[in-house]
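My questions will all concern the structure given below.
Which chain is which? They are A, B and C, in the order written, and residues in each are numbered from 1.
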Amino acid sequence: MDYAFDFALVVETFPILMRGFVVTLELWLPSLAIGLAAGLVLALARLSRSRLLRGGSLVYIELFRDTPVLIQLIWFYYAFPILIGVQLSPFTAALLGLALNSSAYGAEIFRGGIQSIARGQWEGAKALGMRRADVLRRIILPQVFKLMLPAFTNRAVEVAKMSSLASVLSVHELMYQGRLLSSTYYRPFEILTTVAVVYFVLIYPATFLSMTLERRMAGKG
Amino acid sequence: MPDPILPVSIPSVSPVPAAPPILQVSGLHKWFGPLHVLQGIDFSVAAGERVAIIGGSGSGKSTFLRCLNFMEMPTAGRIALDGTPLGRAVGKAAPGKPDEVRYPESELCRVRERVGMVFQQFNLFPHMTVLENAMEGLVTVKRMKKAEARERALRELDKVGLGGKTDVYPGRLSGGQQQRVAIARALAMEPEILLFDEPTSSLDPELVGEVLRVIRQLAEEGRTMLLVTHELGFAYHFATKVIFLADGVFHEVGTPDEVLKHPRQERTRAFLERFTEFSF
Amino acid sequence: MSYQWDFSPVLTRWPLLLDGLLNTVKIAAIAIVFGVLVGLVLALLRLSPRRYLRLPAAAFVEFYRNTPPIVHFFWFFYALPVVLNISLDPLVAAVLALSTQSGAFYAEVFRGGIRSIERGQWEGAKALGMTHTQLMRRIVVPQAATRMIAPFVERSFELIKTTALASTLAYGELLYQAMMVNSETFRPLEVYTTVALLYLVLLVSCSALARVAEARLTAYR
């Protein structure tokens, strides 16, 4: 291998990649936040006593979990606007797709968490005369949030990785800038490797946090 | 009330005086990090001996037993089988420290083939039936023909009273039954020494008897056995020799009468008192 | 909403979509096979007592787990050929990206399965006089294998979904063929909805198969 790695180019183009990095953050954090919040609502629907709510949320969750997220993004960009008659910007479509996708996965995390709380907790709270909603809010959910923290962090990792697919819709995030630069300079090795490293630096702390939390909880349990 | 488990008929002193030791331990030390669990133990066991090892929790009695078949690796000291020391000394690990001893896998396997073990938690293989469990060592380690292994495994399962459960998976058995299968699995290997590591400690009280009865039967056959136990009454009738282990050393060694009835050491007396506090 | 749904232009082009579906299955199958091989090697390295084998394998796994798959696709298709001065077929590049990435995840599945086997099982086998190889083959791996099924299936699902990224390299799998159909019919809503449903059917039937297989293999519990 006599390939010469062009460091100067990496340094020169780095500010452009960083501009993409900011857009990646703008996609990542809001879609994660919206997704997890909506996930809680969905999880409650999944566990509700109404058959309609249970069935509807199940279909929604499975639709998002059993199709590739790339299709979802493309669908929200190219197909969904036809349905609602409003053109969406690539960023909005990507944000929508990522948020709804995370809500489906988030719902499964919440559901698993709520179901993992021992029946004794429900019974103990009910014995005090608490209503179902109060039991959920005061007793169950605080425990779920703590218990599921590693799973949420893990989801954050997945959403960060998924956000790179927005490049397919020409959202000017990190991967898009990388693709653009590598074809402009015809230096794909330098640029794409740098892009990978930047993603790694962004994502690894979340993975590390998730592993640490898991280990600490295992130690306690 | 007469205890049905306590035997009346075990031959009293069986070892031939001149029987050479099968297993010999000298200067055994074990460290777990900063914990000095075994602090220099010399010990040997001859054919026909039955040794009961007693002591408080954390005294190192299980660790001692587990060093004998290298479930734990001794930090220092040598173990000899039939007079031949096991492992190979490879020089000083550090000045002032004992020789580092390396054990080739083949040697460890050979020892374990001859020194069987029964665990507190049974450690049966859940993906194999009772019969397959008892055959496993014969087929895999001794390379015995299936049919022959089967015959021998069935014989041992019959002996522990589980001849009718051969095709059941261990998960379906009670703790007492599982432990009896584990004994049959160890017996099938025809070991020269059998190690019992608190074999009844994880059993419900009403299941202890069936396991002790099997161990008593083995004693009657004159097998060489080492037993770590909290069942002092059983130890009294079972053993030819009792060892009280405390703080990583043998505090008192003697016949069951000497150690359990007329202990000379204050420490042993204090330990025994805790067990007799509620006897009636 | 006055949109007139019309699936007929899409459905009349079913041979294109079928072709895509078959290519999706093909690329997934090849990548699973190679991914398992990569995963086995990585798991063995990570379980080795030797640091100089363990650490590089761990670094490889962590790198792949913490970077987006689309970066790997582009890196293998555009960057690697430049360095090696060769050219790679889209299928080969996609398989390389998929199998190295899923290999990193499979390695964790294998390692986790092995490490989940209780100490008592290792000791029970050792006490009978088994060598390391014997106890792995007879006691540890058979039990670990059944515990690996569920996470293995889950990872393979992710892999099947990730095959959609091969469309970005113009490999004719299902999504790419859909784009072709879309450019002929200008019916994105129908095209992408159809394709999403096809993925759904593919994944749901795979999951049914996996459940049957798992029930058979874990009969002893």
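The definition used in the following text is that contacts are C-beta pairs under 8 Å (C-beta built on N, C-alpha and C of every residue); 3 or more make two chains touch, one makes a residue touch a chain.
Not measured: the values here are computed from a predicted model.
When the partners of subunit A are compared with those of subunit C, no chain appears in both lists. Chain C has its Cα centroid nearest to the centroid of all protein Cα atoms in the structure. Of all chains, the one whose Cα centroid sits at the greatest distance from that of subunit C is B.
Looking at which two chains touch through the most C-beta pairs, you get A-C. Averaged C-alpha coordinates put the centre of subunit A at 20 Å from the centre of subunit C. Each chain gets a centre from the mean of its Cα atoms; for subunit A and subunit B, those two points are 54 Å apart. Mean C-alpha position of subunit B lies 48 Å from that of subunit C.
The touching residues of subunit B, when paired with subunit C in their complex, are 69, 71, 105-106, 108-113, 116-117, 119, 121-127, 136-137, 140-141, 169, 171, 182, 185-186, 189. Of all residues in subunit A, only 1, 3, 62-63, 66-72, 74-75, 78-80, 82-85, 157, 160-165, 167-168, 175, 178-179, 182, 187-189, 192-193, 195-196, 199-200, 203-204, 207 touch subunit C in the complex they form.
Of all residues in subunit C, only 120-121, 123-132, 134, 138-139, 142-143, 146, 220-221 touch subunit B in the complex they form.
Across the interface of their complex, subunit A is touched by residues 1, 3, 62-63, 65-72, 74-75, 78-80, 82-85, 161-165, 167-168, 175, 182, 188-189, 191-193, 195-196, 199-200, 203-204, 207 of subunit C.
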